[in-house]
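Each of the two complexes below includes chain A, the first together with chain B, the second together with chain C.
Entry: the complex of A and B
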């Protein structure tokens, strides 16, 4: 998956699951879009579906500092890299 | 500190409508909100009682996703009546978020609809399905979901009380809210209760042989409080909220005062968790009268709990007779809409406020032939001009919990 594809997929999830339309890629999601810890947990489930594999507890904890769409995409790229290396 | 407590706004969602006009139309024309039980694909086919007090009209909501995400059906009901109550009260955001306004709101058991989905996943799903049960499902289904979704939506920072005592849930909400203000802990309390459409509750009462089953083909003829042919209660759904406010606070801001809460009692039978108890209920009434500082003779109208069960109605009639004799007219409002469980106390209080305002009383529906064991009290049997000055709202719950609220009309000049 390219970076652009990941971004497009995440923006689609934000639109469909969180009713957040076209957020700026560096918007603070909590401050500007009321995206809270409950949403973050829901997003992790969506990311698991996207990657087709479960996240470890450690990986989930790493996501708790994420604030922007760009950071979400960085996080997914990192997860995908790890899974690619393992396989 | 003993401060006066008044009701300055209210809102309801009931099987007989939402507005004062809709409810009074049903109450004065003998229109019932009891409908056939809906097929739910799980329990309904096993339940003998095929009737339900149903909200069969659409309720429109306008809640942002950030609020909706933690709300099950019961919280939608609760937040909608809370919203309308706050809006119609005219109080400002400064009071709402001051910490001096609290919430007393509950339901019988949170959201059974969401709980049902959780259990379906839990018992029928794969491992990955089970992992999908998340924090949101808990927030939607937990027993205090109504109260805290209200605090979240309106930024309320005061006290939170979330009674969950089945049929006395919302009468406790009003009573405990009244005490919060009376004793100076809060200046205002948003009080009420809600319960969503749910067949689990019907199944419980059905198993206990407490549900009506003889009128499955004619739902509007049941329940029949105090009637010789009554055969049990009818479960219903609904929600109601009232805003309680310290009297001087309300008066100074020029609020419309719908009524004053002058007394409240709550006790327990101290024994059996199901059977009605004459001594316990009689004592509830007496404690309430003492709290209100009035004599039995001053009460001129009673909204009875009157679920339509064989024994419950007889015991309640005896308790009323023990204290009041045959003086005040007694109405059983559940005859119009069934037993709306966690919301019945507040809905019955709101209807009482409407009757106080209008200056007439309404009959108990389906009371064709009074059971002779309930005949010693004065039943309300027709729509009749009757100025109510002081009234009692009685509610009793499984677990032996009894409540009594006393409401007085205030003349505003």
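Entry: the complex of A and C
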């Protein structure tokens, strides 16, 4: 999955699941879109669906510090890389 | 003079209630919590049941020492299981009233309370969840939300006040989406409950109970919402609007 594909998928999730239309990739999601910790839990669920595998507790904890869409994409790229290396 | 006597009555009854609240916990319940800590497998269940017992006894005392206030809790509310319960919020009494109504109960609590010695430990052991908007407490949040689906399926209730704060004028404030998000996460029904007049008995910002007026405190069901969360057209904000309409009594359950 390319970076552009990840970004498109994440923007679609934000539109459908969080009803946030066209957020800036570097918007602070908490400050500008009231994205809170429970939203982050929902986002993790969506990321698991996207990757087709469950996240470890450690990976979930790392996600709780994410602030922007770009950071979400970095996070997913990192997870995808780890899973690729394992398989 | 009459007013002074009335204030004194409020003060005396408040003192009795808070003395029981603190003394009852220290003298009786602290040892029960201590013993229950050794129930490793079902520690959270044991703590929730103790919380329930403690607050049932508190409300039994409250009803005894404030006989002018009558209470009506509908059977429909008492029978709620396996649901996310949302209610309006009028008084500090609301959350502890809900704890007294359900043997299996969880709720969301301000993160700061988790740091209070003993009290915070009981909250955490009971499986209560730190408020979502806080930055820290992510570990507890992840753990508790992860367990929530099983907990609800086993008959437990999660109760929340989506306004997040007590209403000063009785009007229902803006909703936070946390309760609705968890309901979706757990594929659980939402039970809308309306509380009336707890704010008259123990108003926000006051230390003393108002023990001299005659009125009825009621807790009633305003219906159940069972959305199809998997539906493509599902909208969290539409669900919140529907719950709000129910709570405000603008449609029939």
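Here, the second predicted complex is superposed on the first by the 87 of 87 C-alpha atoms of A that agree within 3 Å, B and C clash if a C-alpha of one lies under 4 Å from a C-alpha of the other, contacts with A are read in each partner's own complex, and residues count from 1 in each chain.
Here is the rule we use: contacts are C-beta pairs under 8 Å (C-beta built on N, C-alpha and C of every residue); 3 or more make two chains touch, one makes a residue touch a chain.
Given the structure is predicted, the values throughout are model-derived calculations rather than measurements.
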Applying the document's definition of touch, where does A:45 land relative to chain B and chain C: first, second, both, or neither? both
Just to be sure I read the superposition right, which of the two partners does A:60 touch: chain B = first, chain C = second, or both, or neither? second
Examine A:19 and indicate which partner it touches, taking first as chain B and second as chain C; both and neither are also allowed. both
If we overlay the two complexes on their shared chain A, which of chain B and chain C does A:8 touch? Say first, second, both or neither. neither
May I ask you to name which of chain B and chain C touches more residues of chain A? C
Taking the stated contact definition, name every residue in chain A that is touched by chain B in one complex and by chain C in the other, in rising order. 19, 36, 38-39, 41-42, 45
Given the complex, residues on chain B that touch chain A span 64-66, 69-70, 128, 131-132, 134-136, 139
In their shared complex, chain C is touched by residues of chain A numbered 17, 19, 36-42, 45, 57, 60-61, 64
Within their complex, chain C touches chain A through residues 132-135, 137-139, 141-142, 145, 177-178, 181-182, 184-185, 235-237
The chain A residues in contact with chain B across the complex are 18-19, 34, 36, 38-39, 41-42, 45, 54
